[in-house]
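I'd like to ask you about the structure that follows.
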Amino acid sequence: MRSTLAFTAAATAVLFTVTGCATSAEPGPDGMTSDNSFTLYSGRAESLVQPLIDLFEDETGITVDVRYGDTPEMGALLLEEGDRTPAAVFLSQDGGALGALSAAGLFTTLPDDVTSVVADGFTSTDDTWVGVTGRARVIAYDSEKLSADAVPTTVDAFALPEWSGRLGIAPSNASFQAFVTAYRVLKGEEAADAWVAAVAANKPQIFENNNAVLAAVNDGVVETGLLNHYYWFRQAAETGAENMRAQLSYPEVGDPGAIVNVSGAGILATAATDADALEFVRFLVSTAAQEYFVAETFEYPLTTGMAAPAGLPAIESLVNPDLDLADLESLEITQQLLSKHGLI
Amino acid sequence: MTWVQVDDLCVAYGETTVLEGIDLTVPRGSLVAMLGPSGCGKTTFLRVLAGLHPATRGSITVGGRTLTGATTHIPAEKRGIGWVPQHAALFPHQTVAENIGFGLPREGRADRIAELAALVGMTWHLARSPAQLSGGQAQRVALARALAPRPDLILLDEPFAALDPLLRSALRVEVAELLRRQNTTSVLVTHDQEEALSLADYVAVMNDGRILQWGTPAEVYEHPATPWVARFVGDTVELVGRWRGGRVECALGSVEAETVGGFAPAANAPVRVLLRPEWLELSDTGADAVVTSVAYAGHDALVEMKLTAGEHVRARLAAPILPRRGDLVHVGVRYRALAYAL
Amino acid sequence: MPRWLIVLAAVCASAAAIPLIYLVARASEAGFATFAEILMRPRVLELAVNSIGFALAVTASCLALGTASAWVLSRVKLPGARILLLASALPLAVPSYLAAYGWLVWFPGINGFWASWFVMTVVCTPYVTLPVAAALRGASGDLESVARTLGRGPVRAFWAATWPQIRPAAIAGALLVCLYSLSDFGLVSMLRFQTLTWGINAAYGASFDRNQAALLALVLVVLALTVVTAERRVRGRSLATSGARAPLLRLRAARVPLVGIVLVAPVAGVLIPVFGLVARLVDAAAVRVIDPQRLVEALIATIGLAAAGAIAATLIALPIAAFAARAKGRLVSVIESLGYLGHALPGIVVGLSLVFFALAVVPVLYQSVIVLVFAYAVLFMPKAIGTTRSGIEAVPDSLTDVARTLGLSKTASWWRVTARLALPGVGVSALLVAIAVMKELPATLLLRPTGVSTLATELWGRTAVFEFGAAAPFAAALVLVAAVPAAFLSGIRGVAKEDL
């Protein structure tokens, strides 16, 4: 108890010293200001990103006040706060939330040197946010019930009656909706409608999020599930890869099931001149940060020229550069489609 | 004619025995009082009679029907025994009329409610809620409720204890009268000896889960089976004396006496001599004594005296002619004394 | 009824109306046409039907199980009665999402209505068991005996004579269960039963459509107000009875099934889920070092927030409860019903409404502890209103009359007599709120000061990324610390040994 108090007091003192020194900063020649601290809203979990933030703080001396939450809640919070937000940067788990904030005009435009390092299809189309990491859509399967070659290589298979009751999905989750959007863009509205209708008629097991889909496959509750690859690696890191009953299968090249969802970051319009915030976003697409994600979170790096984590298919084989993962209007059409067939 | 027959009734909670070998016979239409100090088991006895509590052993028969036996336990709702608990226990969410009609079949219910309300004098309060009643009124309703289904037996658990003294004596006379008029057989539990003696046809004195004595009020008062019963049922004057075959020699002189329950002392054997204060009188021939205190009660007085031999005795003397403190008097005995083993 | 009390009650109730104002503002942005369109969707109808069915089923089963457990606890002589009483309160300490998670460890396949119904029932049963057991201890057993002698069987006698005495307590508990079942998201999302809260979260999460979320939440509000109004209708007043407590039954033969009834909730609501968590902890290959400092900090923050939330909620609930206890009429219904609103809404809605409110009214306090504590008060005020109200109702008017004849003003006699005597009820309220605050997650995530963590947020942060090993100490600390007020609530301190 006493040591906690002492620690808190010391930390506060340090904080005051830091901010005290920093407030004297003048606007730089580019109109940017720095007070050596900013607030980050993170829709990604603390244990995944805090080590990276610590690294950033150590390197730059900038203090990052982080507020953790689920991406949907953080997105809703930022929309509610509007121009009164204390946040300077939003780090999002998925493109949908970034698109919603961008559409609401809450983001400032990022400079070219930040956005240009990430290839099209993995980042915003209007430079309001930048993709940071990629997660491949995969098919998780119960290795005790299915052999690897019995797993479909295309999501179209799940429309067939033989998969009735054997698929787990999280249709209200952004990652699933992004995938359906990709399906629509790649195969056309009619095909997408037919696919969703057939899958819905197949009575899939509905889950709330990717975690729950994976847990169900791993526990033998459902034979297959559609989700982002990296959840599997997260759980394998916790329970040991050799103990994983669920295994992953990657849909064939060109299949709409083989898209990449991105996590990304944007700077709030209220922090348009915050040099610290910009430095952080720039740091996220730096080689150091990208290597961190590859090594620690098993995600695809998005900056050009970086290699995928070991054991994963090359990102080029999964990508579809024609997609805009944050296109709200397109997302709305997807939701209407899912709603029409009773999946959400 | 025997109506209620209880044989060898025992109730035990694990190791603790609450009732032990209770035998009781209640003639039809009579009112029996179970008299005992609190904790003697008399309320448990009532609850067992009512079927609210199981018996460990023994049998209960009412009107020839075995309610509790070796293999029988008729549940409370099938016994046809009415119960009036200490605090009336009226259903607070029901009116007086609904309370009285609680145990009645739908058919003829209204008439019977009106009949009983008239019987207990509550006709004008039928629509009231129990919260609006006085203590005495609540007890009348509770009695009416218990009587309504024409039970074979009515059990009254200290029904007057919570009432103020004036109301208590008025209501108990009224209730006893009402029960007799209905020719209802009733068992009344009380720790108030005056109540038991004045109301009941028979009194059962209980202590420690046993019936110590059973008899008419006069038998219990004038022939108490033990000194404990004597003391519990009324006031006593106790002396030590020697048995002289039909008389005892004691500080009051040679007094006519009898023994109770087959006690047969040898001649000259020391015995406990027991008298009631009202059995003493002031007489010219009695033992010499000095009056030490006088407790005046209007109709009589309890006069405490010190005999020349040193013992203290109390006499209940009729007012208004009374000695004063310090007076020299002679104390005589006007009724035969009782002799018990020392 | 002093006028200031009415005003104060109205002011306090308006705090609870903040989420409603927010929802109406958001919903009206969408426009009536959208509103009608969304309401007509078969999906919305399906979710609403699911919510209603779920809430009713859970309420009914909690009433039955809770009343039965309370009856056994207060009427039957049992070995280890005090431990059973304590155990019956413990499910309160387990957050619903944790209970669902623990069950999924053992039975990963369970899902849908029946699974959600069962787990929700066992975690909510103490809301009925505890007040009913207390009411039964205070109830006259003579009434039931009289009913028996007048021809009613044991069950019918209980129904006719004892149920009216305990009904207000049982119904008040059932109301909390019903509102909680309507507003819960954690459990139904894990056990995959889609209710309105599921729809609300999906609206926020995938489409960022706050207006649609608001419309769905308004449907929930209507359902909740219906429930609260119905409760006011059927509740009735507690009727004073005097008389001996029913003697404890010695049902040696039936002991095992009877103890079984009492143990359903603690075993299914505490033991099975907690062992599930332990099993996952043991499974974890990557053993992580527990960070004791973070654990202690989160523990201190949790306890501090719980205490502050409990005080704030009871203070705000007190005028409403005092008013509702002594007055009747439309105004009372409106004020009391408003007070219950917060409990029927998912935490995310209340959280966002207070973001909206704080930024508009007191931007200085935004993301401060003050707004967070206020949010707890809005969310959990209903838990305080019911018990405080019955506490005040139980104080006889004659006592305040006596106080006034002794020269005290109306206000002074209310404060020195009524409030003082109602204190145990207020204490129970505070404990109920404290437990709820400890377990609260969505509003805490939205409103906490940046950098402050509670046990619940730490737990969430770790389970979200499969770090069960690291999450377990926080889960254990949460259940343990919430078990303390739960133990007080069980009333074992107030019940003498010989009474059990």
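We just call them A, B and C in the order they show up, numbering each chain from 1.
One rule holds in what follows: a residue touches a chain if its C-beta (ideal position, glycine included) is under 8 Å from a C-beta of that chain, and two chains touch if they have at least 3 such contacts.
Keep in mind the model is a prediction, meaning the values are calculated, not measured.
Visitor: Find the most central chain, measuring centrality by the gap between its CA centroid and the centroid of all protein CA atoms shown.
Guide: Centre-most chain by C-alpha means: C.
Visitor: Which chain lies the greatest distance away from chain C when centres are computed from Cα atoms alone?
Guide: B
Visitor: Mind checking the centre-to-centre distance between chain A and chain C? Centres are C-alpha means, answer in whole Å.
Guide: 35
Visitor: How many Å are there between the centre of chain A and the centre of chain B, using C-alpha atoms for each centre?
Guide: About 87 Å separates the centre of chain A from that of chain B.
Visitor: Approximately how many whole Å separate the CA-defined centres of chain B and chain C?
Guide: Each chain's C-alpha centroid was found; their separation is 53 Å.
Visitor: Where on chain B is chain C touching in the complex?
Guide: Of all residues in chain B, those touching chain C are 13, 47, 50-53, 75-79, 81-83, 85-89, 91-93, 102-103, 131, 142, 145-146, 149, 151, 155.
Visitor: Give every residue of chain C touching chain A within the complex, in rising order.
Guide: Of all residues in chain C, those touching chain A are 41-43, 104, 108-109, 111, 189-190, 192, 194, 198, 201-202, 204-208, 210, 213, 283-286, 293, 296-297, 300, 348, 352, 355-356, 359, 363, 366-367, 442, 445-446, 450-451, 457, 461-462, 464-470.
Visitor: Okay, in this complex, where on chain C does chain B touch?
Guide: So the residues of chain C touching chain B come out as 140, 142-143, 145-154, 157, 160-161, 164-165, 236, 239-244, 247, 250.
Visitor: Which residues of chain A touch chain C in the complex?
Guide: Those in contact with chain C are residues 1, 3-4, 7, 39, 45-48, 65-73, 75-77, 79-81, 84, 86, 96-97, 100-101, 172-174, 177, 205-208, 211-212, 215-216, 219-221, 231, 234-235, 237-240, 243, 331-332, 335, 339, 342, 344.
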